[in-house]
């Protein structure tokens, strides 16, 4: 029934490739099927002006899509002279999600910026970004500990994210582009390992959805996120 | 327990003042307590380029905040030369919500833009905007019918919106600014009259939230939206 | 003869509603007939860079028009990414006029910004803005004295402003939009209570005007400003 | 008493050099003392969108200042990414003034843009611009007649412009920079040959001015503009 | 002597990976050592406005660098709101170079845009971009032929590009970042297979260079480009 | 054969008029035939942020073209809101070339900005700019010495620049606009008095060029630059 032939509760193949580029303190190429996002975490001394002197750090994200990541070429935001509303909305979501993974008080006056640049898009770029960026962020924290920039580990908990939706009346997990563009409802969920919620963003694209459908979708998301946590642990080499 | 002395399930006083300005085809001043938003709906011939020739109309929204709507003065976005991420995110949400209220096929090649300008802010500006903008939109549809611009009524269903959150561990309805800035979780819900969901946007500001808390919040939102539908009906003079 | 049926020397109904919003240190809704402008004065510590260390304060203004303040919707300047020439010209005029009302030396290193946002436009938005903003400015100065932010009163003199023009060959006072768009000459005058001039900006829209016509217009403006000073005193509760 | 040693009613030396550059349809270098402005008039087919099909032409102006036209270097507006309020205000004034010189109905669907670029500034750049631009505009109209682009002459009347002010209590004509920056009042006047007014823009920089002072300044401006008309006629080789 | 231990005439390892992404009509990941650039060619119907109706096509390029492609994070141009001078200069160079590879007359009214996005930078990003973009461009031309969008092959000749410089007094080929930032002279050369020049851009960073040094550098560039042509042929599977 | 009737190795008439404007520390009007560029050097205390505390100065350039410097009017970059790629590319070239003329270590913490504004264009604006700007720069250095702002003379060597190209198969010197727009190859060369190269930027506009053609062009450029050095010496009154 799904264009890809997947079962409703079947996510796409996920890979998390560490060390994809050399310069960043954390660098992960994440793929959710044909969606590929390069997540580079950069550590910089200092915090934004409004945080100065508060004895804490900051974690933020920027998001971009290469012009031909998509089926037809999209304009380059740098050439147009501004980031679109969708871009700003996504990078705010990624930043909030990552801050749930870290104790900013233990980070010291450093800023970690995770750049999520979509090399190839096939639906779910924001959920792939959060999932990959979390690993790049942890790599950067490990770098800071090795370099003695911080004394205690600011890591609090893994976060991962996956999309769910109602496609032709059936709740499905991890929508690809053909599903995403035809779904009745599209929801992005960000979770912690103990099954709690960091973000829930559900949108009725065509038909309003019921509380029952919402619950079905959240059940799917929970199982999907658990699989992503396993992938993150594997990539990080942390015994679960 | 709440700073305002309200009960957890008690919304603020809501007013919907029609005809607040003269020129717009629909004009509503909505207040949720001290939050006041002027919602003006404008009807214009034509649709955006990507919809031309598809024999349908378009409904969109723009959102702004007067510089001194807030406790301390914020910079004027026109002077800064761009709309911020928060502004773009909110106006996209309002636009999507309003499109759920209308059958675009019946609208003809017209665009209705609802400008939501916050005159005074005390939390919940996006939920007040959606609730008031829906009434202004219906006024504009009624204007189009009176002027014979359309033959059939494109109105599908009312939408209303309210915020819920977890404040000091308790789920509460319709957060004002002091609650909003201290809440563990903040969620905006957009609903239809039959209790279905158009949008759910929940964010863990401090602590992740459980499925149980989510359900409690959605119960509160449902009762809050029902009260708003009553207010909308009253303002529109539609017998329920 | 005038579209509104007014006599040539008859201004529109003027109201000055204090305390229109809660957060600003001075807040006045001014109406000249159907023209309505919200004037919010904000007090902030500090002065612009080029005034630092000169032991004086600064008074400035910003002007904006809600997109549907006008008969047909105008684009939102924040969305277009810049303020238009007309906007910049008007806010410079308001700022200069307000500075004539205040002794900046007595203001200390504070900046008062008066935001003039047009909720509804029917001609004369800049003259209404100046007249209302002057009252909001004085409210802000009173606030500063109550809060002991300043020791002496920086208030020097009231300023008010009204438009005059030549409409179908006759000098008329306080043009509304139908007159303004058809007038041969349009002039904005800013005055002090003793009948002196702060600004005179006269433009021949169609036919050049003579010195005699200029003098007739200035006579009208003087009577109009005197009526506005009475309104300002009444609003401020100052015995004249 | 004046820094330059001039009499109160004595303007600066004025020159109008035609044909200063080769490509423009009209090109005049105007100098008012040390103020030098290059005025280039360009004829282009077509009119702005809002005038299309109305069977008339358009005349407009753009104004700029070379970064080091002034005593200390000012930032380049192109590098800053926007034109300042002062620039926009001045170019709107020049454009309105030039439109008084021409019957747009006789111009056909052509646009004449007069670029006024200040090579060196010493006060009075806007008045010099208007005076020189008027000559460049007439050159361009003559070009159009020679090229048979128009059949009848759209020229209506010369316009010229000069500044007046109150400097140390005395009304003076044609202020240079040292006077301008210290004047109590500064007024720019645009006139027609028969002594009528196109624009009057007077600003009390320090002290409000009386109707009597206004009249003295206008008398001075009238004599100054008459001298400028003589210069314009001389430059154009038109017998007066 | 070279930081990398390479011989003066020894280029870095070069790879050209075709089909790196799925959506683009041509997609090549090019690496010159640690410099990695993703070159995606997009075919779109239509040409820029100034070419319409001239019965020819257009080839252009855009260039960007991911924020953390470099040793320290650079600001995102989309967030800053404009492309820097270096970016614009490079993308103009790439575009000109690619147009030398194609007969625009045979391309029909199509535009091919090659996006060159630097994933990782270590010197020579513009030369790698040109070399990889040429292969992506040819892939796109092959796609157009398969899809019968064009009848004849617009391909004229391969172009490749390499940098040369004077490092510590010695002419060297294909500078990496440590060499580039310390070189006396830096020159980028774009060549055709028959050894002719498309572009020569040499800059004395520290000391002026002599004609003899220029000739030595050009000799090196010629040998370097020949090696690149071999790599391009190999990637394209064209028998040489 | 050349449109102007010049011999292949014959440059245009060159003039360097010092003191063209009054305020700048160095001011030169340079003309290469009908190309006229005003070069104003401004001395300002301080250096860009990234040079602070390094005990050296900075020399930079900005370039602009008056809208009607060209045959048809070009848009004003300040009005468009950004400098084009060509402008940025040229001003980077001028800046690099000027820095070769000066020992920045001896300049102290001062910045010299040379504004090159094209009053009239007929090809070769960048080469005329460099040649004229070098003289304005030296004037500014002389000013600094007279004012005791620096103790030792930072001047290292003159730089001059000229264009060469292949026009209808023949190498020619100093292309004017008709040649430039029809040339096969266009090359800009910046040289020092001892015949060394600062910049070489050659572009094949139509046909690739051979090493032999490159050498012929460089020979021409060398003779052209020598003539320019003589003009610079003459303008500066330096005995050669």
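Letters are used for the chains, namely A, B, C, D, E and F, taken in the order the chains are written, and counting of residues starts over at 1 for each.
Here, a contact is a pair of C-beta atoms (placed from the backbone, for glycine too) under 8 Å apart; a residue touches a chain by one contact, two chains touch by 3 or more.
None of the values given here were measured: they were computed from a predicted structure.
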Contacts shared by chain D with chain E include exactly F
Copy-to-copy rotation for chain C and chain E - C-alpha atoms, rounded to a multiple of 5°
180
By Cα centroid distance, the chain farthest from chain E is C
Interface overlap for chain C and chain D, more than half of numbers shared or less than half: same or different?
same
Comparing centres built from CA atoms, which chain ends up most distant from chain A?
D
Chain-centre distance (mean CA atoms) for chain B and chain C, in whole Å, is 33
So the centre of each chain is just the mean of its C-alpha atoms; given that, what is the distance between chain B and chain F in Å?
59
How far is the middle of chain A from the middle of chain C, if each middle is the mean of its Cα atoms, in Å?
50
Check: chain F positions touching at least 2 other chains come out as 81-82
The ring order, beginning with chain B and continuing to chain C, is B, C, D, F, E, A
Which of the residues in chain E come into contact with chain A in the complex?
21-24, 27, 34, 36, 38, 40, 42, 44, 62, 64, 66-73, 76-83, 87, 113, 115, 117, 119-121
Chain F residues touching chain E in their complex are 82, 84-86, 88-89, 91-92, 96, 100, 187, 191-192, 194-204, 208-211, 214, 218
